[in-house]
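All remarks here apply to the structure that follows.
By written order: A, B, C and D. Residues from 1 in each chain.
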Amino acid sequence: MIQDIEIGQGKTGRMCYSLDDVAIVPTRRTRDPEDVDTSWQVDAYEFDIPVIGAPMDSVMSPSTVIEMGKLGGLGVLDLEGLWTRYDDPEPILREIAQCPQEESTALLQRVYAEPIKPQLITERLHEIRDAGVTVAGALSPQRTQDLYQTVLDAGVDLFVIRGTAVSAEHVSQTHEPLDLKQFIYDLDVPVIVGGAANYRAAKHLMRTGAAGILVGSGGGAVSTSRTITGIHVPLATAIADIAAARKDYMEESDGRYVQVIADGGMGFSGNFVKAFALGADAVMLGTPLARAAEAPGLGMHWGHEAVHPTLPRGRRAEVGTVGSLEQILLGPSHQADGSTNFIGALRRAMASTGYVKLHDFQRAQVVVAASHN
Amino acid sequence: MIQDIEIGQGKTGRMCYSLDDVAIVPTRRTRDPEDVDTSWQVDAYEFDIPVIGAPMDSVMSPSTVIEMGKLGGLGVLDLEGLWTRYDDPEPILREIAQCPQEESTALLQRVYAEPIKPQLITERLHEIRDAGVTVAGALSPQRTQDLYQTVLDAGVDLFVIRGTAVSAEHVSQTHEPLDLKQFIYDLDVPVIVGGAANYRAAKHLMRTGAAGILVGSGGGAVSTSRTITGIHVPLATAIADIAAARKDYMEESDGRYVQVIADGGMGFSGNFVKAFALGADAVMLGTPLARAAEAPGLGMHWGHEAVHPTLPRGRRAEVGTVGSLEQILLGPSHQADGSTNFIGALRRAMASTGYVKLHDFQRAQVVVAASHN
Amino acid sequence: MIQDIEIGQGKTGRMCYSLDDVAIVPTRRTRDPEDVDTSWQVDAYEFDIPVIGAPMDSVMSPSTVIEMGKLGGLGVLDLEGLWTRYDDPEPILREIAQCPQEESTALLQRVYAEPIKPQLITERLHEIRDAGVTVAGALSPQRTQDLYQTVLDAGVDLFVIRGTAVSAEHVSQTHEPLDLKQFIYDLDVPVIVGGAANYRAAKHLMRTGAAGILVGSGGGAVSTSRTITGIHVPLATAIADIAAARKDYMEESDGRYVQVIADGGMGFSGNFVKAFALGADAVMLGTPLARAAEAPGLGMHWGHEAVHPTLPRGRRAEVGTVGSLEQILLGPSHQADGSTNFIGALRRAMASTGYVKLHDFQRAQVVVAASHN
Amino acid sequence: MIQDIEIGQGKTGRMCYSLDDVAIVPTRRTRDPEDVDTSWQVDAYEFDIPVIGAPMDSVMSPSTVIEMGKLGGLGVLDLEGLWTRYDDPEPILREIAQCPQEESTALLQRVYAEPIKPQLITERLHEIRDAGVTVAGALSPQRTQDLYQTVLDAGVDLFVIRGTAVSAEHVSQTHEPLDLKQFIYDLDVPVIVGGAANYRAAKHLMRTGAAGILVGSGGGAVSTSRTITGIHVPLATAIADIAAARKDYMEESDGRYVQVIADGGMGFSGNFVKAFALGADAVMLGTPLARAAEAPGLGMHWGHEAVHPTLPRGRRAEVGTVGSLEQILLGPSHQADGSTNFIGALRRAMASTGYVKLHDFQRAQVVVAASHN
């Protein structure tokens, strides 16, 4: 077992792995795919499939949030996105989809400069609640303080705090930062928080009382963080690290099991499946759902990082359209490229390695093997 | 010797190697290529060349099975393919070959929905037997129970059970799974079974009494399993592992030698040769034979995985035509790309490293070296 | 910790890493970007931003040196470049920019054959001093002996000696080489010297009394040294090594802190940021500043190595124009490709990892992760 | 120091490195390039530059052999090439150069089917001798027995036996193989023999009394051996290994120093330079010299392996023309791509690392660093 590599005499670093670097290997037992159980639960909320729609404007609108719920998963609306800035964001979404690539960043900066309207938060969440599905909305750590009361008053079942790198200990010289622990303690809805990049960051977030931790920095296919800030979280390593933190925290807390939710970098179903084999309880999907016929992005995809007014760290990417949300999640597939039937792929992999429950599949044997192999 | 790598704190995995990652290095002795012996034997059946034609519709038809036999190898007919579903599959094969790429998966799904006709199994096997070559047919583990009696009644010399991941211990809640050990015990023809991915899976399959183990998941150039399910078997590691299992099982069983047959990923003759140097007794070829002028796929190639009705995990690939089946196997080559004269390449490599027998060549020195080197 | 790798039986070598091979990982604390301090000081000279404009004709003219100073950084004029060979280099710069690629090396060789005029050195440096910014000029080790008196008489605040590989111990059979230690001792302005490639080379340069060490061989995007001479300095390893030398030399010298300045290979802001996380105090930028609207290279970029009369080891590269010098250094960005707002990126990364001071950020956690990940 | 890697449970292999994988790092001392000594000696023959022209028809004709000698190197004529098969090979060379790529292998097979004419061997060697340069000719191990007397009678200073994998111990069932040791003992001219791939193969060849060992399998840019036979010799590892064998053999033989000559894979001058830093005494060049205006290949390049009648393992490659033979070897360069001024590059690298003699440069510090870095 190699731990640290000497980068230079003054500096060591771990060798880290992305999902592309690893693969699952079947061993001696197999099962029927139909015998596999893919259900997932966070707090009192149960889901047929361990999939969360990422709170991104290209993926989750009120209507796709509702559809996600009906298909057995959880959709999360970005409460700082276009749906809470504009009465009717549809023309804006079309403009973004049709904008030439070289002008797209400037356009995103402009349309996201429009202020958030608290009353739109309320309206959007009511619309989701009225459809009878689990209601979840996401805020960034920076805006949580200002907007959470609006969100709670509107009524949510689950609260998501999502940023590129969220820490339990934010320090600021200019304002009183969010005391995450106190905040979660005061709230009476479960909170999912992240992204966290490693054991230590995640353990501290677990100690705030969060019900789930988002692993990674979300961005995936549309992030350019590594090129711009040098920051990067190789996801296979991060998921495994944070699964270890979950285990240690469970001992430390006398049994509190915190959900580990992989977020980002799941372009195709193979990486989605590997996330579970590395220890994830659920996966937050962006790009795959942006390819749905129903997706608000109309074949385009972008993240929160892409709209920053002075340092955008993501781009609008053309992901195309491959089928309905249902086909993407539950199949059937009529192409063999990993863009549809994510749950079918998960079932097949669990069956090929002999596991019935997602919890047991977290122990599946993985290997390191270059992805060209 | 490095065994396990820490992917993250909660998870370790072996570093695995594909055939592309390794190379053979000559040492101090050389021989003449013509002094080399490439013969191979499974049970009572002897072959001049250690090559098995993969039971895939793009590769093996009754007539190419017969030709394989006449050239000194073993052809295996897929008994769940088009030849046992259609009286005359030729028009279907042409339709597949001419179909635009984006519609090919849907077309495969449709034509393979046609039921298998037991009487066609009988007819096809009789046709092969009448030609005087060794008769071998393949079933999937799922269908073996239903169809093997038909196969046995038609008369086969060798029985092949081939799936993506075949285990000795399949568990099902809805039906009584095939008891492989009992099945092989009851049968009076030798059984070749696989794919197996590692030592443990293979050892269990050896214990069922199989005469040969298929190593790998078959797919090769036409599989998209890694992208879709995250499952992948790096073949250099798998062959070496399972050669070790063969040795250990031979001790455990007081001398039963089980054939290790590498299956998939042999696009060019170099990888075919390496499979032996890593411990294989024979190799099952798909893509290389799909490039034959006689190949039923007419320059196209696809596998079993590609026809799954809801989760296809392979695609129809255009492999082209490079020469006759004889040229591909025995030469001569008039291009220098590794697509023809597989046996000539094997002879040359054995000669350059000083080995006469395939069994001894399994000890050839190999190195790990990036394939761009 | 792996130190040495056996390349072959007679030879070992360290595994070295480039900036592309590493990434920064956030841990448990975060801050606000606006709370970050990016100031830097060498000797008595203080700068708001830790950026030095590379002494290359495509990057630094008298006017861009002045603008660099006004933006809070340090510009360095190449005193052996076109500005000291020609009264009016503008037409030459246009000719270089418009020359077809295949003729560009020969053109560079020709225009740099023109002798250096000492009086032009004096004029250019006076022009910079008159603008009220810190005055710094660069000579190669080969020419320092001949020209330094002219430079000192003209008046400089900082003296830069920059070559591909500069050693404290140059040996020559034909001329008396520069005694760097005596030279620096005699001078009364601080000297920055390099490129140095590793701990040992840097430690010897530190012992000459240099105020700063340039790490790397400068070339970056426009160097072809590795292809031509086999020499290459992987920068992540070199920066970390030389940061270790700085620490050891500080003990050895009872507290003299030598500035470690990463030079070359910073095409985009991510690598610029990583240089600090690996131990750099400041970074010398070439390619990024050659992309400025004000850059004398007019969208083209080339280095000293490219003009050698018999063995050019670099090429003229088209880098394009992305914005003003101010936008490149201080933002805002309206594209998300890492070519603008370098200081914003540095602030963001320091904030995400919880550091206020550059010195502390040198301890940031880094990992090794393939850049495709 | 890592020695062996577990490829699978039954098989280990060394991690091997190509020249592209390594780089030279300067340390604390530098010199002037003009103070460097690049002379080389094998037996009684001295050369100004450590370069041997590879016996390949695209590189060495009688006239380029003579020019190599006049430029200070050693040219070797292939005595089994077109010059000893045809009275006038020029039309054949033109035909090869103009042939479409897809027909080139068949054409090579056809023109090399013409028998070798002993009297042409005599004529060609006389022509070279008459020019007053060192005379060297090459035979393959297969033909040495038949043709060497003709060669000796014609008069050669150095004898080269060159094949893909030449061993000291060739075994044949059909003919009496060449007893290399006896052969070299009987001859009174020094023999250079290879390719050898590792320590053991080379040590055995050294014991035959050879004056020099060719390292590698020659092919380089035009070989497809790895794809076709799986055999590959990563050259950085092989050179270092065989340099170690040279040292051990020198002790074993009480002081006989055998020349280690790197052969193949030196497309650009950087790899040529690295070969020395890894332990080579001289380098045999193919591709770089095939790019000469005088090269008989007329911008095309192919090796012996490419003409095999049933298993060609190389191809005709278009390498283009970059300058005169003199420019390629001695400069000056007017492009910065490593295709010209090989000796200038060697001098520069030796100077940058502070070495005067090639023997000392063999101890230069090298590192492992991915070539994209």
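The rule is short, and it goes like this: a residue touches a chain if its C-beta (ideal position, glycine included) is under 8 Å from a C-beta of that chain, and two chains touch if they have at least 3 such contacts.
The model shown is predicted, which means the values in this text are computed figures rather than measured ones.
Least step count on the touch graph, chain A to chain D: 2.
Per the C-alpha superposition, chain A sits rotated 90 degrees relative to chain B, a value rounded to a multiple of 5.
Comparing the contact residues of chain C and chain D by number shows a mostly separate set, under half of all numbers used being common to the two copies.
Centroid to centroid, with C-alpha atoms defining each point, chain A and chain C lie 40 Å apart.
A straight line joining the Cα centres of chain B and chain C is 56 Å long.
Counting partner chains per residue, chain A shows two or more touched chains at residues 2, 15, 17, 237. Viewed as a network of touching protein chains, the structure reduces to one closed ring of chains, two contacts apiece. Applying the touch definition to all chain combinations yields A-B, A-C, B-D, C-D. Within the complex, the chain B residues that touch chain A are 2, 4-18, 20-21, 102, 105-106, 109, 164-175, 197-198, 200-201, 204, 224-234, 237, 305-306, 309-315. Chain C makes touch with chain A in their complex at residues 1-3, 14-15, 17, 22-32, 34-35, 199, 236-245, 247, 268-274, 277-279, 331-338, 341, 344-345, 348-349, 352-354, 365-373.
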